[in-house]
Amino acid sequence: MKGRTVHPIWIALAALLAALLLSMLVGSVSLSLVDMARVVAARLSGGEIGADLRVADTILFSLRLPRTALVALTGSALAVSGAAYQGLFRNPLADPYLIGVASGAGLGAVIVLSLRWGYDVAGLLAVPLASFSGAVLTVLMVVSLARVGRSLPVTNLLLAGVAVNSFAGALTSFLLLRSTGELRRAIAWLMGGSSMGGWQPVLAVLPYWLIGLGILMTMGHALNVMQFGDEQAQQLGLPVETTRWIIIGVSSLATAAAVSFTGIIGFVGLIVPHLLRLLVGGDYRRLLPLSLLGGAAFLLLADVLARIVMTPQELPVGIITALTGTPFFLWILRRSRSLPYWS
Amino acid sequence: MLEVLHLTVRYGAKPVLKDVSFRLADGEILAVIGPNGAGKSTLVRALSGILPPECGSIRYDGRDLCALSVQERARLIAVVPQARSLPAGFTAWQVVSLGRTPYLNWLGQLSPADEELIWEAMRRTDTQHLAHRLVGELSGGELQRLLLARAMVQATPVMLLDEPTTHLDLQYQIGLLNQMVEVVRQPIAGNGNGKAHQPAALVVLHDLYLVARYADRVLLLVDGCVQAYGTSAEVLRPQLLSEAFGIPLEVMRSPNGKYPLVVPLMA
Amino acid sequence: MKRQSVLLSVLLLLALLVSACTSAATPAATPTASPIVMTDGLGRTVTLAQPAQRVVSLAPSNTEILFAVGAGSQVVGRDNFSNYPPEALELPGLGDFMGFSIEQIVALNPDLVLLAEIHPPELVKSLEDAGLTVYYLKNPLAMEEMYPMLITVGEERPTVFYEIDGTDPSKPWTTGSGTFIDTLLEMAKAENVGRAMDSQYGQMSIEALLAADPDFILLGDANFGVTPEQVAARPGWGELTAVKEGRVLPFNDDLASRPGPRLVDGLEELARLLHGVTLP
């Protein structure tokens, strides 16, 4: 059993590298490999980028590289959060948006968009800032509705999550109806897809990603123990309530940060952990790091598809994940009837 | 020695355990019996820290268990629950290994000593051949033995068994209780704290004919109160039991004359 | 084998990442004339070293106007919905409100990207981050503000006399600088000879007109029944080159005298008349 832990990680790493490369190489403009190599060489040697290479240089380093980074960060955050929530709630339908991150982020973004902020540094930051705040505030609301003293019962969380999600969704729809001017922009944001380019989003997401996923990576054993139910987990010496608070806290931070810049991208947090479970089993000590790699690879591939499938138009990546995610999910459903991952 | 004094536990407004007191010495097996709703499972949950007591104290060797952290408590008390709805994707070995959780770091890494302990526990419960099988494929009896092995690996001075013989065929009931006795008499190699004393076991039993055979002392709970507490001879009395269970019961001698047998009186 | 290819990919990625951190040395641009500095509809300061030669227009209204003012040859890319004039359809479509391909825009190497009010500020930022110069035209009627960005120096501009009222043929009424008609003429890349006057609306003497000898005479009073034949018959007017070469043209005054949606029609008409650009 120990020998097996080596191989899946290497496979996932290879898949991620392939996806990263693909994301850099593919786009609505096809660059020749020669040009790309020349640009990389020119940069590395600190030399001048000739006029003929300027386009390739801009496309590679100002457009594709930061986008690749952001998509990878988002995909990994969503997949790891999804896996952690599936373990925490002991429910195969759990995803990172269960307790309000998506509905809160959407509401925050739409509020700001309907205020028609002006174009300046503050104005551009307003949308991600508002969606991050919205996400965090919504999770806090769900948690405070659900808690009983110091404990956080799972059923309460689920119910409060459903209630708050539909409330926030209703508010969002109402605002969309009212503000016809920014409707297009708001809908595009809600469908997912990185509308902001450059390195700022990557740098903004990175600290939350590092903290959130860093802590979540250590939660594998705790999640394993929690599969036996709150009672047995506590009798085995696991501080169940503390663990629950921590997982919800860091997971919400990482997901909120990612979603604030890329919009709501569904299915990654739901599908990727299930796929990986089929391949390597339900041990969360393996599932979490593999979800990190697999989630990034999955979303990168979806993003590549979003860029090339209707070129030069770019589809919001949330549409791609939903379209490709659904058949995957049905296939897993059929197969999993013979597999005992959920009793 | 586990000392329970005046333990009172409520579910909301309703008291489920009232003023329960008893002692459990190292190496002793205490059977808890009583009709449904008497509070037997509640007692297990209160002792293991799931339900906070309203008043009363639970002490081991003088230490107040309620003042301990979850992890410290888990090093003193292990629970063998009923083998119901265990997560199907775990292997038998993984289930037993989780018993080491109170001693592991946050990442759950097992040392070679831990692994040796796990294998020995599985050998003693006759489950080592199931090590790589998935929980979903195992029978109730096999799962119950796994849970016993898990508690063994937790290497605690006190072990609580909550109706471990329910849903088991007779031969497995006997087998499990035999193994429980063996664990108590011959403790598994410790958790490295140097203590080599015999663990104590509190076992909730439904089946009255097994009680006398396995228990040193018996606690009779009715409606949350201690109705009787003493040796099997003292507690297993027809009048007492008939009143407690609401049907006429007779106590007879086993054919070899060693143990009292409780049987319902057929009209 | 698998390890080797993984190693290779890691190396390649590292190379990409490291080279991303190194700044690229771009050759310094040598400024020729004084740069054009403007403020766009979002309050941003936009600077061009010289009038834009390669323009990308991402809104149909802007595309139409660009072609109407004769800058159509400078447009190198459009949005998917820009379908007028038909010449625009020959240009590559770069996306629409659902999303633009920034890569393809960059690949066209434009000097200037024109946006309109339908575009979100995020698009401005994305284009800027890709190193492009962006101008956000909030109000299409303010087109004349950015006109300096489009005209190229040294092009031949026809001289035009716009007659508002020719009741007194020795002193016809025309417009000076700063009026709407004057602006339109400017946008249509024509020289308004009336600018020689100090006032915005005034009478120019026939002598001055003969001296200026405009290439075109536009009859803004055509709606009132003035025809080129009548003009040709006026004393002294027959000496004007425009009259001799039949370039006295009636013009629908309605199209030019008030701001409104028909402004573009006015421009089109002017373009057609002055430059022979046929816009069906």
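The chains carry the letters A, B and C, assigned in the order they are written, with residues numbered from 1 in each.
Following the convention adopted for this analysis, contacts are C-beta pairs under 8 Å (C-beta built on N, C-alpha and C of every residue); 3 or more make two chains touch, one makes a residue touch a chain.
Since this is a predicted model, take the numbers as computed values, not measurements.
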| item | value |
| --- | --- |
| Set of chains adjacent to chain A and to chain B | none |
| Most central chain, judged by mean C-alpha position against the global CA mean | A |
| Whole-Å separation of chain centres (CA-atom averages), chain A against chain C | 45 |
| Where chain B and chain C are represented by their mean Cα positions, the distance between them in whole Å | 89 |
| Shared interface positions of chain B, touching two or more other chains | none |
| In chain A, residues with contacts to at least two other chains | none |
| Contacting residues of chain A [partner chain B, same complex] | 1, 90, 218, 220-222, 224-225, 227-229, 231-232, 234-240, 277, 281-283, 285, 339-343 |
| Contacting residues of chain C [partner chain A, same complex] | 2-3, 5-6, 9-10, 12-13, 15-20, 22, 24-27, 42-44, 80, 92-104, 106-107, 109, 118, 120-126, 129-131, 136 |
| Chain C-facing residues of chain A, complex | 10, 13-14, 17-18, 20-21, 24, 27-29, 39-40, 42-44, 46-51, 54-55, 57-65, 118-120, 123-124, 127, 184-185, 188, 193, 195-198, 311-316 |
| Chain A-touching residues of chain B, taken from the complex the two chains share | 45, 48-50, 69-71, 73-75, 77-79, 81, 85-90, 93-94, 98-99, 101-102, 104, 106-108, 132, 134-137, 154 |
